[in-house]
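Multiple structures follow.
In what follows, chain A forms one complex with chain B and a second complex with chain C.
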Partner chain A sequence: MEQYDYSDIKPLPILTDQQDELCRIMYTEDYKQLMGLARALISVNELSARALQLTAQVIDVAPAFYTIWNYRFNITRHMMTESDDTVSYLNKELDWLDEVTLNNPKNYQIWSYRQSLLKLHPSPSFKRELPILKLMIDDDSKNYHVWSYRKWCCLFFNNFQHELAYTSKLIELDIYNNSAWTHRMFYWVNFKDVASEVELADELQYTMDKIQLVPQNISSWTYFRGFQELFHNKIQRESEVVQFATSFIASVLSLPIDLPQDLPEIESSYALEFLANHWSADPRTQDSAVKAYSLLAIKYDPIRKNLWHHKINKLN
Partner chain B sequence: MCHVTNDLRKAVAKKHKKFFERHLQLLPSSHQGHDVNRMAIIFYSIVGLSIFDVDVPKKYGNNISWMRKHYIKKMLNDTNNTVISGFVGSLVMDIPNATTINLANTLFALLSMIMLKDYEYFETILDRESLLRFVSRCQLPASGSFVSCLDYNKNSASLVDSDDLRFCYIAVAILYICGCRSKKDFDRYIDTEKLLGYIMSQQCCSGAFGTHNEPHAGYTSCALSTLALLSSLEKLPDKFREDTLTWLLHRQVSSRGCMKFENDLNATYDQTDDGGFQGRENKFADTCYAFWCLNSLQLLTKDWKALCQTELTTNYLLDRTQKTLTGGFSKNDEEDADLYHSCLGSAALALIEGGFNGELCIPQEAFNEFCRCVIIRAP
Partner chain C sequence: MSESLTLLREKHIRYIESLDTKTHNFEYWLTEHLRLNGIYWGLTALCVLDSPETFAKDEVIAFVLSCWDDKYGAFAPFPRHDAHLLTTLSAVQILATYDALDILGEARKARLVSFIRGNQLEDGSFQGDRFGEVDTRFVYTALSALSILGELTPEVVDPAVEFVLKCYNFDGGFGLCPNAESHAAQAFTCLGALAISNKLDVLSHEQLEEIGWWLCERQLPEGGLNGRPSKLPDVCYSWWVLSSLAIIGKLDWINYEKLTEFILKCQDEKKGGISDRPENEVDVFHTVFGVAGLSLMGYDNLVSIDPIYCMPSTVTTKFKKYPYK
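Showing the complex of A and B:
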């Protein structure tokens, strides 16, 4: 790290030990000095290399301090125009940000700062973002901020080419990864108008294979239902889909429900819920829907029995 | 007020009070990183103490003048000599010639002042027009969403901050506290139509709200609370409302029926989470989502208690994440208690008990009394 001289700056010291203070923090000497200096530099809005260096130190101890990110951005924007190579200057800043990101996975200012840098960049690249995105997802495969950022990148670069393969890989690793499933849905929502019938058929088959593998999984069933709703004009495979869902419920619909303890185990409450929802839409099958909801209430998903009764009441 | 205690629980309640009191006292240097959000620490502690029946105006009345110092008014260097105002989290962040006031700290401070009954602040010190001018400047004209702060130098919405449903909620809650009720009131300061458009754009296919179609209980609570404060919940389409209700009720983790099949297969399923709430599909239950989910449910329907099993949630919170030794609540059964989860765990219990204002996350009585005593004229 380069050494800069700050000795000409008169610090703006922070107030400590005030009367009737709440949540008094025992500041370290380092913190007091650092903040005293940062306050002085922000106050005169010094846009310099040494100021940039100082912001890194402040971000290290107080990553949630929004003004310091704002200050760093203004310095970067100024320095970039003074440098002979804007692109490499901004790439260097992104490299620094990668380091900070890896050390602060839960901080969310990082991602909006990154977006601001990419908007500033004359030739931003999705490819450059892929490694950091991969590292962060490897570290926490359901990190909401990282997934949001990935989606922002897809839209910003208008590039979705990696997304299906990427989510397939993550679903392979953990079939319950709801972020991966919803990201897949995000892909289709954006490709709604151009998806071909072959692609849609393949995707439906992919989903059914995953459900077959683990039938009691809310993520794959929600995706299955959402996908069909999204493409209800293009997919007409109703009887096949109903037959598929029925294969997980062991013919319970034909059994009497007065003795819940005699009912057999079924493989998936979500299959039963899927069918109940499907049958609710048509008056001719509403009796089956009522029965399916009743079975959920008494045996297969009893914690939500009041919800299932609410669904039955809506039908009557 | 809210009674989450019975005789048997009195001893634990005492520990909770001590836990919250501790956070208002001296904090170790490891908290330096939270300096910027100190109003949040104060708010969480005071909410917790209020829920456990501590007379906070009496106990912390002396601290009011120190609190007021965090209310910063700035005259901008423009031709109109525009004034804006708001709160900083800590005086360390109050920097000459720089705008550092922040939406979240402003809401946390205003709600804390309400619970501390510092009505004099609202009547004689608060400059409502300049405060709401600050809120107005945080709105993004293109999307209608909000960021949490202004560029420290240019005083327009920060280009570096994130914008999402949390800041939309905070902006609207501040306007509400300052007396806005009708659409006309809100329209004086913000573009309400644009904001509503933004909120609606965050609806997910499967119900609930989230960024780019991944539903999340926290964002859902923010969206529904914002709509409630704007008296606009009826703008939600019927199907989406029903899907959201279903989605929220599915967040209650269960060990019964078919759910037990996940036991050995799903790495983020734990059958002892039974009764608790998760924030998203296939995640462990977490104390704070009991509040975010139950608050969302109570906003969607008056019958919310008849729809979910709140007694199981109470058991989950009391038996699993409450810390009987140290006081406070933890995120799950593995971690130590922390302030955020202690506040929201207590708030969830208070919501179930009744008498708690979920949209503002303070005891209802504290807000009622504020409305009775402080006359904030319609804008």
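Showing the complex of A and C:
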């Protein structure tokens, strides 16, 4: 780390004049010095290399202090115009940001700062973003901000070519990863008008294979249903889909309902729910829907019994 | 539910009171950027526990005013920090809870309103500050603050409502921004924003059913609620999920008994306070959302809380209802 001289800067006091109980705080000397310098530089809006260095130190101790991110952005925007090579200047800033990102996986500010940098960048590259995205997801495969940022990148670069393969890999690692499943839906929503029938058939099969592997998985069932709703004009495989769902419910629909304790375990309550929802739509199958909802209420998902009773009342 | 589980009211009050006096410890000053929010959480929890006088009203109001950022005309989380929408809402909520909004004066109030409006973007969304972090939290924050101040206008509300609808997902949930994964906290910010705007009717009957399904699907067999499918339960979702269900009139889709048991198991029996999950360290954030969730379920005559504003109902009944007559 380069050494800069700040001796000409008079740190601003970080304590207020007000000495009530709510804000009297004992600071360490280092912290006081650092924050005092930062406030002094901010107050004169110094846009310099040493100011940039100082913001890095502040971010190191207080990464969620958003004022300092605003300030750093102003410095960067100014310094890049002074630099001979804007591209490498901004790439260096992104390198620094990668490191901060790895150390602060839950921080919000990083991602909007990153977006702002890419918008400034004369030749931004999705490829440059992929390694940090991968590292962050390897560390926490459901990191909300990272997934949101990845979607932002797909739209910003108009590049979706990696997405299906990438989510397949993550679903391979953790079939319950809802972020990966919903990212997959994001892909299809953006390719709604151009998806071919072959692609859709493959995707439906992929989903059924994953459900077969782990039948009691809310994410794959929700995706399964959502995918069919999205492409209801293009996918006409109703009887096959119903047969598939029925294979997970151990013929409970044909059993008497009055002795819940005698009912067998089933592989998937979500399959039962899927069928109930499907049957609700057609007056000829509504009796089956009522029975399926009743089974959910008394045996297979009793914690939501008020919801299932509501569904039954709607049908009656 | 086991007989021994009860709400440790007095301990929670003492716990929140003790936070004020812990100003000498290290973690406390690292959370400067959340201070005003923290006071709002503490005060609201105390209100639900029917003990608002535990905080010294005059001191709190003085602290709120000391967070005024005169450069931008709004509230910062701490003196000399930058103004931000999140803390501006906290400041307005605290003052409204104390029935002390008048202390702002006309000039300051006008600047505040223009700060909030000034952060709205063309697509109807709001940025948290001039740096441009955008998400549905800020839409809620902006609309809630303007509503408390009685300053909503169609110019602000209509595009904001459109933005919120773009965050609705195929699974019945809402994301942080368009396309983002559904998350329970975002269901609250989106539904809350619509409710404040008196625009819940932009959602179809089918959508409301789907939303209700997605929300009650958050309850795990053990009773607690998670924020996303296949995640661990966390007490704060007792608020985000329950308030959302209350807003759309489907609160009873949750099993009260099991959720109550989960929240009560997250209490620290020695020092008070509520944590995210049983056996974890307590904090004021989970304490307020735990007791607020219990209040929504009508537990033990807790003071009634408004699911839209997360403030005592006695305070929010005084707010002007939009659209204004």
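A few remarks follow.
Everything that follows uses one rule, which is that the second predicted complex is superposed on the first by the 310 of 316 C-alpha atoms of A that agree within 3 Å, B and C clash if a C-alpha of one lies under 4 Å from a C-alpha of the other, contacts with A are read in each partner's own complex, and residues count from 1 in each chain.
Note that a residue touches a chain if its C-beta (ideal position, glycine included) is under 8 Å from a C-beta of that chain, and two chains touch if they have at least 3 such contacts.
Please read all numbers here as calculations on a predicted model, not as lab measurements.
Placing chain B and chain C on a common chain A by superposition gives a clash between them. Once the two complexes are laid over each other on the shared chain, residue contacts for A:Tyr300 go to chain B alone; chain C is not touched.
When both complexes are overlaid on chain A, the residue A:Thr222 reaches chain B and chain C alike.
When both complexes are overlaid on chain A, the residue A:Ser269 reaches chain B alone and has no touch with chain C.
Legend: residue contacts after superposition of the two complexes on their common chain; A:Leu200 is shown touching neither chain B nor chain C. Shared-chain residue A:Tyr176: touches chain B and chain C both. Considering which of chain B and chain C touches more of chain A, the answer is B. Of the two partner chains, neither chain B nor chain C is touched by A:Ala245. In the overlay built on the shared chain, the residue A:Ser148 is in contact with chain B and with chain C. Shared contact residues on chain A (touching chain B in one structure, chain C in the other): 12, 14, 18, 20-27, 31, 39, 61-62, 64-67, 69-70, 73, 108-109, 112, 116, 142, 144, 147-148, 151, 176-179, 182-183, 185-186, 189, 217-219, 222, 226, 229-230, 303-304, 306-307, 310. On the side of chain C, the complex with chain A involves touching residues 20-21, 23-24, 28-30, 32-33, 35, 39, 56, 59-60, 62-63, 66, 78-82, 84, 128-134, 169-171, 175-177, 179-183, 212-213, 216-217, 219, 221, 223, 228-231, 252-255, 258. For chain A in complex with chain C, the touching residues are 12, 14, 16, 18, 20-27, 31, 39, 61-62, 64-67, 69-70, 73, 108-109, 112, 116, 142, 144, 147-148, 151, 155, 176-179, 182-183, 185-186, 189, 217-219, 222, 226, 229-230, 303-307, 310. Remark: chain B residues 23-29, 31-38, 41-42, 45, 60, 62-63, 65-67, 91-93, 95-98, 100, 102, 148-149, 151-153, 158-163, 204-206, 211-216, 242, 245-246, 249-250, 252, 254, 256-259, 261-262, 265-269, 274-275, 280-283, 306-309, 312 touch chain A in the complex. Note for the complex: chain A touches chain B at residues 12, 14-15, 18-28, 31, 35, 39, 42-45, 61-67, 69-71, 73-74, 108-109, 111-113, 116, 142, 144, 147-148, 151-152, 174, 176-179, 182-183, 185-186, 189, 214, 216-219, 222, 225-226, 229-230, 265-270, 296, 299-304, 306-307, 310, 314.
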